[in-house]
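Shared between the two complexes below is chain A, which pairs with chain B and chain C, respectively.
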Partner chain A sequence: MHVLIQGLIMGVLTGGVYALMASGQTLIFGVMKVVNLAQGAFVIASAYLTFSLFTQFGIDPFVSILITTPLMFGIGMLAHWVFLRPLRKEDAVELSILVTFALALLVEGLLSVTYRTTYRSINNTYSNKAFLLGDGFSIPYVRLYGFFISIALLLVLYFVLQKTKFGRAIRATVQNPQSATLLGVDSTRVKAYGFGLGIATSAASGSIFGLLYPFNSGSHYDLISRLLSVVILGGLGSIGGAVFAGILIGVVSSVAAVVWSPTWSEMTFFIVLLLVLLFRPQGMFGRLERGAA
Partner chain B sequence: MKLSTEPTKLVTRNGLIRGGVFIALLAALPGIFPQHWLWNLMFFTILYATMAVSWNYIGGFGGYPSLGHAAFFGIGAYTEALFFKTDHVLHSGYEPFFMLPVIGLICALLAIPIGMVAMRTRADVFAIVTITLLFVTQTLAFNLRNLTGGAQGAAVVQPKFDVKFFELPFYYTAAIMLLFAFALSYYYSKSKIGLSLTAIRADEDKAKGVGVRTLQVKVIAFSTSVAFTGMAGATWAFYIGFIYPQFAVDPLITITMVLMTFLGGRATLWGPVLGAVILMPAQQLLAYYVGGSQLYLLAYAAIFLITILLLPRGILPTVTNKRRLKALALKSVAAKASDPLAEGQSA
Partner chain C sequence: MTTPRLEIKNIIAGYGAGLVLKGVNLELQTGEVMCLIGPNGAGKSTVLKTVSGLLPPREGQILLDGEDITGQTPKANLRRGVVHVPQERSLFPGMTLWDNLLMGGYLIRDRKLILSRIEEAAHLFPIIRERQKEHAGSLSGGEQKQVELARTLLFDPKLILLDEPSIGLDPKSRRLVFDAINGLAKAGRTILLVEQNARSGLAASDKGAVLETGVVRIVGKASDLLENPEVAKLYLGAAGKNTTVKAVSEKAKEGRS
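The block that comes next holds the complex of A and B.
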């Protein structure tokens, strides 16, 4: 029982980080109908960035989020402008998947040329410390901070989407792109900002990911398959769904690791994905696309 | 490839000539260039051409971009490794080749339930499901140690072929597979299945509305497609002799197939072959010059992005389109020249 609760706590804490990563990906899908296969690669890129800022300049990984977020936002806008904007409308959905896959390879290639492929980890003064809670449940500081920062950033994202004019434009585009354009929303700009915002969420989650796990340039493959499971479970395009699914899957895989075995725990992501596709292909909070059966 | 609604003849004289030249070329190539490194290159080119041609069934004609074909490449490779462990006694050395149709069948049957689940979604989610399938297979290959040997890898028994001609049986096996894959591609392009796939790609709801059996056609295309991929994987495993999970189930294999198809021209008959003929030698050259460094990833990504952005339809359709436009332009010039009125106007 003790191990189970410990697994549960770790699962919620890790799930929060997945929720942040996945919210960006699902936002991008909502705004542009683009399945961004490069999300994992951008997370890893941010983790490397944090690593460099920490080792070169001694900037604390959590503080570096303030630097990496605007940077990733800019990179996201640039990537949208160069690679996604020129796609022809009639096969944009199909091609965008391949473009983002190629983008992921490009980022992986750049990272492995710059940093080689050895595994890196960010070890600061508190990265191995933990405190004890109640009946001897150990809670690592980085996980706790990571969780709270993720939740805080999700709240910021929620605020931006709900309360600002820009957020309204994004939500309008998600709901009905044509009507939004007719009502004066500049769809190209909204898409560019939406993509930038989605990539920006990878900055913070990358810093936290780098603190939690060792990573190399190939790590984005593990990450993207998990993120895709989360996003599909939550329902493509639903940010609330992504948050809920992120935490749920975090808990399930963490408990599976304790009860079953760590090597098989990543299979839980795929089992969840399979079950979702069998019984509810639109995900928990997704809407059924026209005619998809 | 032109798909018209009128019934087209399956066998035409021009088609027979083209096919004959293609077969003759495939058969004669190793004789024309009798060097080992070239034979090796030819084997890989033809093997990947087979995979690209078969990826095109579902990814090109059907418009369902599968990113999980490498999973079936790995399944084929590991099935071969399981059937022919190192303690297996080979008599002629050709037995593993005779196993290929069985492996193809296994992959095709495996693809039916997977396809039925994955095809419940649309092209974008289908891509997600197939890419996850790839990672599931890779995880399984790492973790099912009793079957696959895990990270230590699995050995395949080696044939006692004459060292002088070691590559040739592999090359001709790949060539035969390419011919079969190509013939099926040709058949699809001329038959109701191909028409249905094109209709699905254009507008699946409408296709369903007019009575196309969408699920059935998609599953047929997917299943035949991965059958060839699995056989290619098995041939590769036999040729390489030792397989590891990270190379047998590699996202780069998928990317290579997709890139070849897109470069040459998807949903065309010759596009994937053309793509393979261009890309595979380029890849080997690149590997030779930049060696172990990760620059090849950058080169791959760059070629991919440039292809999609500048040649979104691929080489073949772009070239044929240009030629058609040129012919039209010539015709109108000729028409003008023979028309005194038009001459007078332009003067």
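The block that comes next holds the complex of A and C.
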């Protein structure tokens, strides 16, 4: 029982980070109907950037979020302008899958050239420290800080989307693009900002990811498959769903790791994905497209 | 002679290779309500789209208070006071009524002005005050249309373009919508209305026009159109499908000769 509760705690803490990561992914889908296969690559790019800021300038990885997030927002806007905006409107959704995959390969290539392909990890003074809670439950500081920072950033994202004019324009574009245009919303600009915001959200989680796990330039393949599992479970385009699914999958995989083995932990993402696609293809908080079977 | 609020001069427009409008001419004075009727595919909605800027015309001219607005973007036209309420539901179902109304003031920077216009709109449409915290998706079709119409008032519009406002509504909701249109008309708003329910549409209008295969066949006082036997036969009562005013007129001429 002790092991199970320990797994549960670790799952919630890790799930918070996945929730943040997946929120960026699902936001982009919601605004642009684009399944961004480069999302994992941007998370890893952010982890590398955090690594450089730490090793070169001694900047704490959590503090570096203040640098990586706006920087990746700009890179996301640029990526939208160069790669996605020129796509023909009629084919944009289908082509964007190929284009974002090419973008992921481009980012991976650049990271490989810059950092080589050896695994990196960020080890600061509190990386391996933990405190004991209650009946001997070990809580690593990095996971605890990572969880609370993820939740804080999700609250900021919620505030931006719910309480600001920009957030209202994004939600309006997600729900009814033609109507938003007729009310004066520049949908191209909103999509660019939405893409930038989605990349920035994931980038913030990339700094935390770099602290939690070793990574190399090819780590994005594993990451994007996990992210897609979370996003599909939550329901494509639903940020609340992504948060719920992130924490749920975090818990299930963590409990599987302590109860069975870490190998099964890896598998849980895909088992959950399979079950969702079989029994509730629209995800937990998603809606079926009209006309869908 | 006063400058018309809207002048549509010989507009030709279409989608892809196909032409839908083949030289449409219409004129609307300030404060007038005009109802466009005609069979499916005649180009009624396309007329509205060319005026709002959703579909740039290939030829012709559109003047608003004498100013050429041909081919301007929807955003630019919105700033001039041209508001287009499309046929499809145009509220944001997952947002509250209040957020939907605020979106109506998206281009207005002065929040006090937005709030005062919402207050004005609430006199005509009390629903926006009574149910402002509810999600738009929870309203009935007729209630949603009322909110859409209320939202247009945030622009203090010079011209409201209404595309099939009563489509898909039950009789009670239809009454609500036409009451709302009558309210807007009494408030002196200029409205160009497209309506399949021709009798209700014409009854709520000062002028009417019949559009067939991309051309205006008849234009005149709405009351005259309501009494026009050809229009009555085709659009106000029972008539054979795929029939047009032109076809009926020609048949009548043949009968006379």
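We adopt the following convention: the second predicted complex is superposed on the first by the 293 of 293 C-alpha atoms of A that agree within 3 Å, B and C clash if a C-alpha of one lies under 4 Å from a C-alpha of the other, contacts with A are read in each partner's own complex, and residues count from 1 in each chain.
Heads up, the rule we're going with is that a residue touches a chain if its C-beta (ideal position, glycine included) is under 8 Å from a C-beta of that chain, and two chains touch if they have at least 3 such contacts.
Please read all numbers here as calculations on a predicted model, not as lab measurements.
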Q: Specify the outcome, clash or fit, for chain B and chain C once both structures are aligned onto chain A.
A: fit
Q) Which partner does A:Val185 contact after superposing on A: first (chain B), second (chain C), both, neither? A) second
Q: Using the touch definition from the top, say if A:Arg88 reaches chain B (first), chain C (second), both or neither.
A: first
Q. After lining up the shared chain so the two structures overlap, which partner does A:Lys165 touch, if you call chain B first and chain C second: first, second, both or neither?
A. second
Q: Please work out whether A:Val99 is in contact with chain B alone, chain C alone, both, or neither, and reply first, second, both or neither.
A: first
(Q) Quick check on the superposed pair: does A:Gln175 touch chain B, chain C, both, or neither? Answer first, second, both or neither. (A) second
Q: Based on the superposed arrangement, let me know which partner A:Gly74 touches: chain B (first), chain C (second), both, or neither?
A: neither
Q: Considering only the touch criterion stated at the top, classify A:Pro262 as touching first (chain B), second (chain C), both, or neither.
A: neither
Q: Classify the contacts of A:Pro214 with the two partner chains as first (chain B alone), second (chain C alone), both, or neither.
A: neither
Q. Looking at chain A, does chain C or chain B touch more of its residues?
A. B
Q: Minimum C-alpha distance between chain B and chain C after superposition, to be given in whole Å.
A: 16
(Q) Please report the chain A residues shared by its interface with chain B and its interface with chain C. (A) none
Q.
Using the touch definition from the top, list the residues of chain A that touch chain C in their complex.
A. 165, 168-169, 171-172, 175-176, 178-186
(Q) If we count contacts the way the header does, which residues on chain B are in touch with chain A in the complex? (A) 63, 65, 67, 117-118, 120-125, 127-129, 131-132, 135-136, 139, 142-143, 204-205, 208, 251, 255, 258, 262, 293-298, 300-302, 304-305, 308-309, 312
Q.
Per the contact definition, I'd like the list of chain C residues that touch chain A in the complex.
A. 52, 54, 74-75, 78-79, 83-86, 88-95, 99, 102-104, 106-107, 151
Q: Enumerate the contact residues on chain A facing chain B in the complex.
A: 33, 35, 37, 83, 86-88, 91, 93-95, 97-99, 101-103, 105-106, 108-110, 112-113, 117, 217, 221-222, 224-225, 228-229, 232, 236, 263-264, 266-267, 270, 273-274, 277-278, 281, 289-293
